[in-house]
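Both complexes below contain chain A, partnered by chain B and then by chain C.
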Partner chain A sequence: MIALTGLVVRRLGLLIALLAVVFVVVDLLPGNAARAVLGRDAGADRIAAKEHELGLDRPLPVRFWNWFSGAATGDFGTTARGQSVNELLAAKFPQTLLLASVAMLATVVISLLCGLWWSARPTGFTARVMQPSSAFVIAVPEFVVATLLVLVFSLWLDWLPAVTFTDRSGYPASPEMLILPVAALAIPQAGWNSRVVRGALIDAAAAPHVESAVLNGLPERTVLLRHVLPFALPTIATSFATSVGTLFGGALVVETIFNYPGMGAMVAGSVSDRDTALVAAVVAMTGTTIMCVLLLADAIRAWANRGRR
Partner chain B sequence: MDLNRRQLFKAGLGLSAILAIAACGDGSSSDGSGGSPQRGGTLRIGAIGKSSKTERDPHATMSNESDFLIMSLIYDPLTVPGTDPNVAPRLASKWESDAEQRNWTFTIAEGATFHDGRPVTADDVVWSLRRLREVAGETKVPVSSVDDIKPVGANAVVLTCAGPNSQLPLLLRLMTFAAPKGTTDFTKGIGSGPFRLESYNNGNARLVRNDNWHGGAPLLDAVEVTLFESPESMANAIMAGQIDVASSVGAVAGRTAEARSDLQVIRRPNDVAIVIAMRTSDGPFADPRVREALRLAVDRPAMVAQVLSGYGSVANDILGTADPTFDSSIAQRKRNVDRAKQLLADAKFDTGRTYPLVTKQEAAGEVESAKVFASQAKDIGLNIEVVVQEANAFYDDTWLKAPFYTVNWGTNDSVMFFASKVMSSRTKWNETGFKDAEFDKAYADALAAPAGAKFTEASKAIQQIQYDRGGYIVWGMADGIDVASRSVQGLPKLGGYGRVQLERVWLSS
Partner chain C sequence: MTTSTTSRRLWPTVLPAAAVVTVAIVGPALAPHAVDHAVGITFEKPNSAAWLGGDRLGQDVTSQLLRGGWGLLLLGAIIALLVTAFAAILGSIAALHPRTGAWIERTADLGMLLPPVLAILLFMLSWPESGAVGLVVVSVIAGTPYSARVFAAAATGVAASGFIEAAQARGERLSYLIFRELLPNLRETLLTQLGLRFVEAMYLVSTAAFLQLPTTLGDANWAVMVRENASGILLNPAAVLAPSVAIGLLAVSVNSAVAAFGRGRSSV
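On to the complex of A and B.
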């Protein structure tokens, strides 16, 4: 329990440090939010007034503290354009979370199935296909996968929509609009994780207790599920957890390609606007999500390793 | 920020399809090959925007094309762009000035009513113009203070300029949206325009026909505007048939769509000027012979072909190419390497140095234009290093300061627009450090002249000076490129923000 608390504290510290870095980096970029919002025709006096209004004339640590103390109570402040960051996040974050979750689920299912099959039949036809194809999809970035998917499934075959439209709730108007964005995100991740699952299973299968289980004449399935998989689980869980971060990163790119109504484009727009509050809020939200998933992976690892020490 | 500025200036440009057709019959909208106009149907149109920058206030500085499109359908501006003349009536049915071109009276169109049923009065228009003047400044309402905007009776307003300004009706095109006096909540979208707002979600909107529109009810039942974060996703949407019009989608999508029988490519000439600014007041390009040499170095047809994929036209170092008074009698400047070299030698120009040409990823093809020009300039012995700056940094460090950089502009249908914004010696945006007494005189003459021979003469003088000794290399004009399904008829064809005027669009079955 103490170990877990320490872990949470460390992860939180990392998140706060990350947010501070965001503030510094956005501050270092040339240009400022006041001018970005007011446009070219604003004179120096109007820009100065806007800077004061946005608090840009205050020192960076003060600005960070003001933002952070608000964020800690759940109030992310307002954008340079005066919109509530909380409202923007409420309108966009759930959609990104939906996309990333479905993609993560698909990644987990596909990687486990492929990895299990592959490790069970290491010389079969599947393995011979899996070896190069998994390497290929890992090497190809999400935006290439996304573009190819649109080309094939929307423009050539006309099976699936090329872009996402929203209904009045702000969510994709039909479930089929999720298929291509999810595939674009899940395919590279599944390639990587299938290899991890396979590797972890093969390593685990080489353990002495597995050998004895096989020699005891237990059925293959029992050996795999009862003796190999739990042993391989910590590695697999860690790999999946790491994928969550990559998925979020990929989601930002994929969202732009499919015009998916999530946070991706908002991040790009807010960086070019030097809208620190919004950038930091997005980092805080994704950072917290990733942190929770990492904690979950830690918990799984602790559970799998229980009594092993 | 980049979009703010571009949008602001492009907004001066465009057309009202209905008025252009009715008044001039000049074919400034896509030809009605689909037969006689039909009523009904929903037009699904895509436009570029950023979901982080959506704006609901019609008087705020809008950076999203999608927002501007939605506003233009809901609200009526006083005037809109046309072809010839380049100002057409909208909420103002007519306007007149005193002899001095200082006091301008705009009469509100008969039958103009807001979507909630109230008539549009002089008070509403005065309130809206004053609010716009306060929120957006002199750029959008060129009078010294809000007190210079006054009602005249129940259905007219008078604007008093600080000095003669024959260009006021032009400067009020688009943007001068009228809302009911005292409006505080703009999310309901109560305007007097051809479409009423039905629903709005994160930059996407559904609008329905305003049967009571003073300009005559539109034919479409509804317009659905979808915000696209990138031209690429918008291109995919039109190719996959998920939208009917991709507004300003660009040359790449245009090329792809040319090969498709179910799609039409709408080219709107004089959409964007991507030009090279040379500092005239000091520095290496202060000598007019050097500037002429650079203008002679450029291979204009090659630039149009390589930079604009052929979607554009050659220009002649004069800004405002679509102006009705544009002087086509001035000889087209062509490439002449020998003469350029001679001019550089005469001016004792230092060809041993390398000159930075600063550019930024802003208008499509802007960076490419700098690179292609740099390679062409090698032929006259000029070494150029192309420096690509981030747009924010460009406007802080380079714009109005550096001797050599690229800029892009809309509103290419007005010589006077450019004279006032970037070339008169008093403007704060003098991009080329241009101070020319003769030019200032011609500009003042044009401001004081009513439309007619005297104005045309002054406009031509302005153009001749630009051609002879101006600081811009205006090598070409980029077309605006929209892609639409074949069933869409009557789309606007003028450059810039003219594309937002959708009230006469219809769908053929």
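On to the complex of A and C.
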């Protein structure tokens, strides 16, 4: 219990450190939101007025406290153009969360199945297919995977739509529009995690108690579920947790390609606007989500090791 | 396994990577048309004059493809070299001084909360003038802690061996311990990490280029070609497919070369 509290405190400390990093990057780097909004040829007085409006003329500790206390209570301020960051996020974050959750679910299911199958038959046909194909999907960026998917499933086979349309609720108009974006996100992650699952299972299967369980004549399924899987679970859970971050990063790209109405496409689109307040909020929210998932992985690890120490 | 069988297995996996790299480097000299030279209408179908057809501006895709690789490659190589060098030094220090190791561990944990692509976006939006240098800086900062952890794990075993303790007892300086005693024993980790870091750096650089960060990276690189020509994928799929395949081929062949190398060495 004490160990778990310590972990929670450490993870919270890391989150605060992340927010500090975000603030430092946004605030101390030479780029200036006021200048970016008004354009190059704005006069000094107009820039000063805009800076005052955005609060850029106040001392640094005051600004950090304002931003930090706002971020901690879920208020991310306004963009340089004066829109509320919270409203923008509220309009787009649920869609990204939907996309990322479905992709995560697909990743977990696919990589568990492939990893189990692969570790059970390490030299068979599956292994000979899995080895190079997982290397391919791990190494290739999401936008390449997405492009190939569009080419095959939309253009050549004409099975799935290549772009997403939204209905009035702001969500994709039909579920099949989710399939390709989810696949583009999940395939690289599934490739990586299948390898981790396989490795963790093979390591766990080499433990002495597994051998004794096999020698005692326990059925294969019992050995796998009760003696191998609990030992491999902490590694697998942590690997899945780290995939969440990569999923959010990949969503930036994949949403752009499929015109998916989420915050990734919005953030990628704000590149020309230099909307750092928006990106800072997205980084903070992503960091918090990842921290929660890591805590979940910690809890799974604690549960898998229960009574063992 | 003898050396000759190792090299016989190594060559088929290293060759494709070497071929793509060579094409990307000498490509600009081979390009049949100037980059801004229109060969036909927008998204012209592949023909005898333009083997891969035209792009959104009717420019020759083959020439763009030949020119668009070296920038990504160069940035990827620089990032991979810097990350591996920093990580090797930090990892060695961590193995010699566990307290430094704890800090690296914490920084790597922090990095897990901040996905590299988002970090690049945040940094480059705040400071767009930093350009390609900024991209290198963020990628190195984002990649080093994780790689340093690998080096620390590999170096801990070496650091515990007698010859290091003897050198420490002689009062050798830290730099001597790292460069003369530790790192020569970590050659495999060094080379494997260098390859893996290159794959990771290519991923980051091409994803950043796809998101148009930095804006100064050049318009004829493979990632930008994929993005810009996506609108014409129905008219001339080659304009999107060719750069995609180039990036994929490079990443996969380098990755499998690293894997083959690591396997070949570890079983010797």
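Here is the rule we go by: the second predicted complex is superposed on the first by the 288 of 309 C-alpha atoms of A that agree within 3 Å, B and C clash if a C-alpha of one lies under 4 Å from a C-alpha of the other, contacts with A are read in each partner's own complex, and residues count from 1 in each chain.
Going forward, a contact is a pair of C-beta atoms (placed from the backbone, for glycine too) under 8 Å apart; a residue touches a chain by one contact, two chains touch by 3 or more.
Computed from a predicted structure; not experimentally measured.
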item	value
Which of chain B and chain C A:257 touches, first, second, both or neither	both
Touched partner set for A:132, first chain B, second chain C, both or neither	second
First, second, both or neither for A:293, with chain B first and chain C second	neither
Contacts of A:265 with chain B and chain C, given as first, second, both or neither	first
Touched partner set for A:186, first chain B, second chain C, both or neither	neither
Contacts of A:163 with chain B and chain C, given as first, second, both or neither	first
First, second, both or neither for A:140, with chain B first and chain C second	second
First (chain B), second (chain C), both or neither touched by A:275	both
A:26 touches, of chain B and chain C: first, second, both or neither?	second
Shared chain A surface residues [contacts with chain B and with chain C]	29-31, 150, 155, 162, 256-257, 268, 270, 274-275
Sites on chain A touched by chain B in the complex	29-31, 35-43, 46, 79, 81, 88, 91-92, 150, 154-155, 158, 161-163, 165-166, 168, 170, 255-259, 261, 264-266, 268-270, 272-275, 278
Residue numbers on chain B that touch chain A, as the complex places them	1, 4-5, 8, 50-53, 55, 61, 63, 136-139, 199, 201-202, 204, 226, 228-230, 232-234, 236-237, 239-240, 242, 390-393, 395-397, 429
Residues of chain C defined as touching chain A within the complex	106, 109-110, 112-119, 121-123, 125-129, 199, 203, 206-207, 210-213, 223, 226-227, 230, 233-234, 237, 240-241, 244, 247-248, 251-252, 254-256, 259
Parts of chain A lying in touch with chain C, wherever the complex brings them together	10, 14-15, 17-18, 21-22, 25-26, 29-31, 132, 135-136, 138-144, 147-148, 150-151, 155, 162, 242, 245-246, 248-250, 252-253, 256-257, 267-268, 270-271, 274-276, 279-280, 282-283, 286-287, 290-291, 294
